[in-house]
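After this come two complexes, each holding subunit A, first together with subunit B and then together with subunit C.
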Partner chain A sequence: MGDFTMPSLGADMKAGILVAWRVKAGDRVRHGDIIAEVETDKGLFEVEVFEDGVVDSIRMQPGWDKIPVGTVLATIRAEGAKAEIPAVAAEKGAGERVKASPAARKRAAELGIDLATVQGSGPQGAIGLADVERPAGGEKPAEKATAGAEKKKTPAEFQAGMRRAIAAAMSRSNREIPHYYLETDIDMSRALAWLQEENGRRPIRERLLPAVLLIKAVAKALEEVPELNGHWTQERLQLKKKMHIGFAVALRGGGLITPALHDAGRKSLDQLMAALSDLIGRTRAGRLRASEITDATITLTSLGDLGVRTVYGVIYPPQVALVGFGRIADRPWAEKGLLGVRPVLTATLAADHRATDGHHGARFLEALDRALEEPEKL
Partner chain B sequence: MTDEEIKEKIVRTLARIAPEADLDEVDPGKNMREELDIDSYDFLNLLIGLNEELGVEIPEADYEKVATLTDLIRYLSRRLA
Partner chain C sequence: MTQKGQMVKTTYREAVREAIREAMRRDERVFLMGEDVGRYGGCFAVSKGLLEEFGPERIRDTPLSESAFVGAGIGAALGGMRPIVEIMTVNFSLLALDQILNNAATYLHMSGGLFNVPLLIRTATGGGKQLAAQHSHSLEGWYAHIPGIKVLSPATLEDARGMLWSALQDPDPVLIFEPSVFYPMEGELAADAGPVEIEKARVRRNGTDVSLITYGSSLFKTLDAARILAEEGIEAEVIDLRTLRPLDDATFLASVARTHRAVIVDEGWRSGSISAEISARITEQAFYELDAPVERICSTEVPMPYAKHMEEAALPKTETVVETVRRMTHG
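Moving on to the complex of A and B:
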């Protein structure tokens, strides 16, 4: 039996609102299925389950009260295991048995409803099947129950929540993480020439954005310096094998979310472009999954579109590094005694000095430079 | 197709990509991406949308020729002529 709890969808998130269930008791679920929707200060997220089994009981109904992180929302039993019918559910007060029909008891157990909380409409307040299926709101719990659209946040409320979430995460970062910063200038001539030629061959729908090359190059560099791919938890660096690269996406109207591009290291450029498009679209539409909020192992932020030259980022805890990219712009470039003009990109690394030293960071930036010098190998 | 009709297509395409962007507030002679505060991802989607609406595919090499709203309308008008 596994507990499905209110997830922590961000550094310092204390509680969330259960907005809707996508499943009901008795439903079969598989690892990765979206089973609930949770709202935090950063918006609405689809929450996945991470085991195979059957929804044994729904413990919490959607509502506008904040539920603390870690609270059991539902229980999932492994397939084939017997349903757990809590004895307490059929009792009222000290030994006073609730009057309920067998069908109502069975249904209540399936839905995880405590019969003591149900108002019976039968003789002497006996609870019938209809009473169980018609809780307070009048809506059948078996159907997608939502907390109601009337409480939808205004843009101002959303912005206030977004700023609170960013404030909590960034304050914690600044308080706890001793950042060190390194930067390097990268000659992007080869990467851009390769991209232009590649895109010239492709129909417009299949064109690649320079950001995709940067993501892939970061993944390649992390292969050489895996110490930057991980989380600082329990006073030590926990390296992560998979590279889930958090990509900073600015929201229209303000705010920022850095959802993870799952397993970016193993994706081809085309797969990364498709994944990035999907991710940006869903981020801006407010349809992200919880795992995309929690899984990032490093963050990449590119402010080049805004003409910024250098980005000194603030690490998103518990991650240990953030890579910042500025604008690719023509700049004077000296090489082999000759001065020329090249498209140049300044790449910055903000890293957690508890987890790594400048030596690691320098190796990472050097590997990143090398990866972008050989775009055909990306 | 008249310039006004092309502009209407741009407005409609933009509404799908960046609903809050208002083309009427854009200085037609200034960089459209900066004026609308849209990033390279949105800009590519705008060009993909215009390709679907008008059948004109704008090569990357021509991006500089479509930087402002005036430039974009002029460019599309020529390609459609």
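Moving on to the complex of A and C:
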């Protein structure tokens, strides 16, 4: 029996709103299926389940506000396993019951609330009256989302929430992460020439954006310096095998989301291009998946479109690095004693000095440079 | 003459004395007897001056025999008098327990309803004066066990002044337990203060978060705790039981129904105490209102120590009440 809990969709997310279920009790689910929609300050997200099985029980109904991260929303039992009642009895031991005060029990009965869905705040997790009246730590008593759309946030409310979420994550980053910054200029003439030639062979709809080359190059460089691909948690660097590259996407109304391009290291340029278009489209439409919000192992931000030359980024915790790209611009370039004009890109690395040292960072930028000098190998 | 509503400064001791004086003046059947109540003026100086005012017929010193003079009081009451019998401390009252339980409390029943015993016994109770293990206990809860008598515990000046006359009007035995630590307590009392009703508990402070149920010597400690808690945003309701038998459970049950939490503060020992009775009644009659287990703050179960710091340690404390409520309300 597995618990499907309120996911943490951001470094500082404490609670979310359960907007809708995509499944009901008894439904069969597979690893990766979207089974619920959750709203946070950063928007609405589709939440996947990470096990195969059958939805055993739905513990929270849509409409509860501010459900703390980690609260059990539903239970999933392995296929073939026995249904809930015997399983729970076996888990908890005979005679053990939910700890709740008599007043809480009475009120729960009046409100028709299953005490198993309520988180207790009393001694030994006992459920008190206040816990029932403000279920699972939520701010308001049950407000069933019958009309669904009527709780839609206004753009101003959404912006305020977005700013709060960014503020929380960035303040934490600035407070906790000792950043170090490295930058290098990369001659992009080979990469752009290759891209032009490659795109010339392709139908318009299959053409590649320079961003795809950059993403692929970052993935390649990470293969050489895997220390930058991971999370700093529990006071140590937890390296990640897969490269889920978070790609900063500015939202039209303002604000920013950095969804992850899953497993970017293994994807071909074509696959990356398709994934990027899909991701940007869904980000702006507000249909991201929870895993895309939480999985990123490094962030890539490109402000070149706006003419910026150099980006000094703030790392998105718990990640340990952020790669910034400026504008590709023609600049004087000296090589082998000759001065020429080349399209040049300034790449920066902001990295967490707890996790890595400048040596790693320097090797990474060097590898990135090399990757972009040999575009045909990407 | 003092005017109606005017407040006068007085003490708990003077309030009790004034109550006795008023009763002696209003009803010639009333008389006071007990150890050292006459020439000495009372062990706690409550009856000082009364011998001079009312004479030896009505202010009577007795031999050192609680059983004998309580028995004499019962006889006088049966004979139509309205005796006030003073027993020096509650510990000594045990010598008269046979008279109180087997005679005073049972006569009405055993006489088939023919003989009421309108006896009033006053005695000092409780610790806090370094009077050690034979003079400092709080045994009023024991007396509250006995059907056929009433048990009063005045904590305020108003009740010290007003309960005595009401008790004398009762056709059956009434015991008044005066916390000895309160006798020198100063305060203001209406100049025209008079009899008060003795059947009801009083809410001494309104609150919404917890019901602090107490009486007698613990009342002011509990009110102090409520003030400290209020500064932290916890509103405690303080209930002064006033009467331990019959117990006015309607008042504290209604309070628990509002606050959903109850703490009983009782200077008696915990085991088999009045606090246990109150807790049981809450559980029996307000179970579904409870949002936390009922808690009790009682005296440590030891003979009351003589040493000041140890006596203080044994008695219920304001801080304990505060800490208990904090724990209950914050989970």
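Quick note on the criterion: the second predicted complex is superposed on the first by the 315 of 378 C-alpha atoms of A that agree within 3 Å, B and C clash if a C-alpha of one lies under 4 Å from a C-alpha of the other, contacts with A are read in each partner's own complex, and residues count from 1 in each chain.
Criterion: contacts are C-beta pairs under 8 Å (C-beta built on N, C-alpha and C of every residue); 3 or more make two chains touch, one makes a residue touch a chain.
Since we're looking at a predicted model, the values are computed, not measured.
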Partner chain(s) touched by A:Pro203 [first = subunit B, second = subunit C, both, neither]: first
Touching partner for A:Arg252 - first (subunit B), second (subunit C), both, neither: first
Most subunit A residues touched (candidates subunit B, subunit C): B
First, second, both or neither for A:Ala211, with subunit B first and subunit C second: first
Subunit B versus subunit C as contact partner of A:Arg331, first or second or both or neither: neither
Which superposed partner A:Arg105 touches (first subunit B, second subunit C, both, neither): second
Partner chain(s) touched by A:Arg59 [first = subunit B, second = subunit C, both, neither]: neither
Parts of subunit C lying in touch with subunit A, wherever the complex brings them together: 260, 287-292, 327, 331
Residue numbers on subunit B that touch subunit A, as the complex places them: 18-20, 33, 39-41, 44, 47-48, 51, 57-61
Residues on subunit A engaged by subunit C in the complex (per definition of touch): 101-106, 121-123, 126, 128-130
Residue ranges of subunit A in contact with subunit B within the complex: 196, 199-200, 203-205, 207, 209-211, 250, 252-253, 276-277, 280, 305
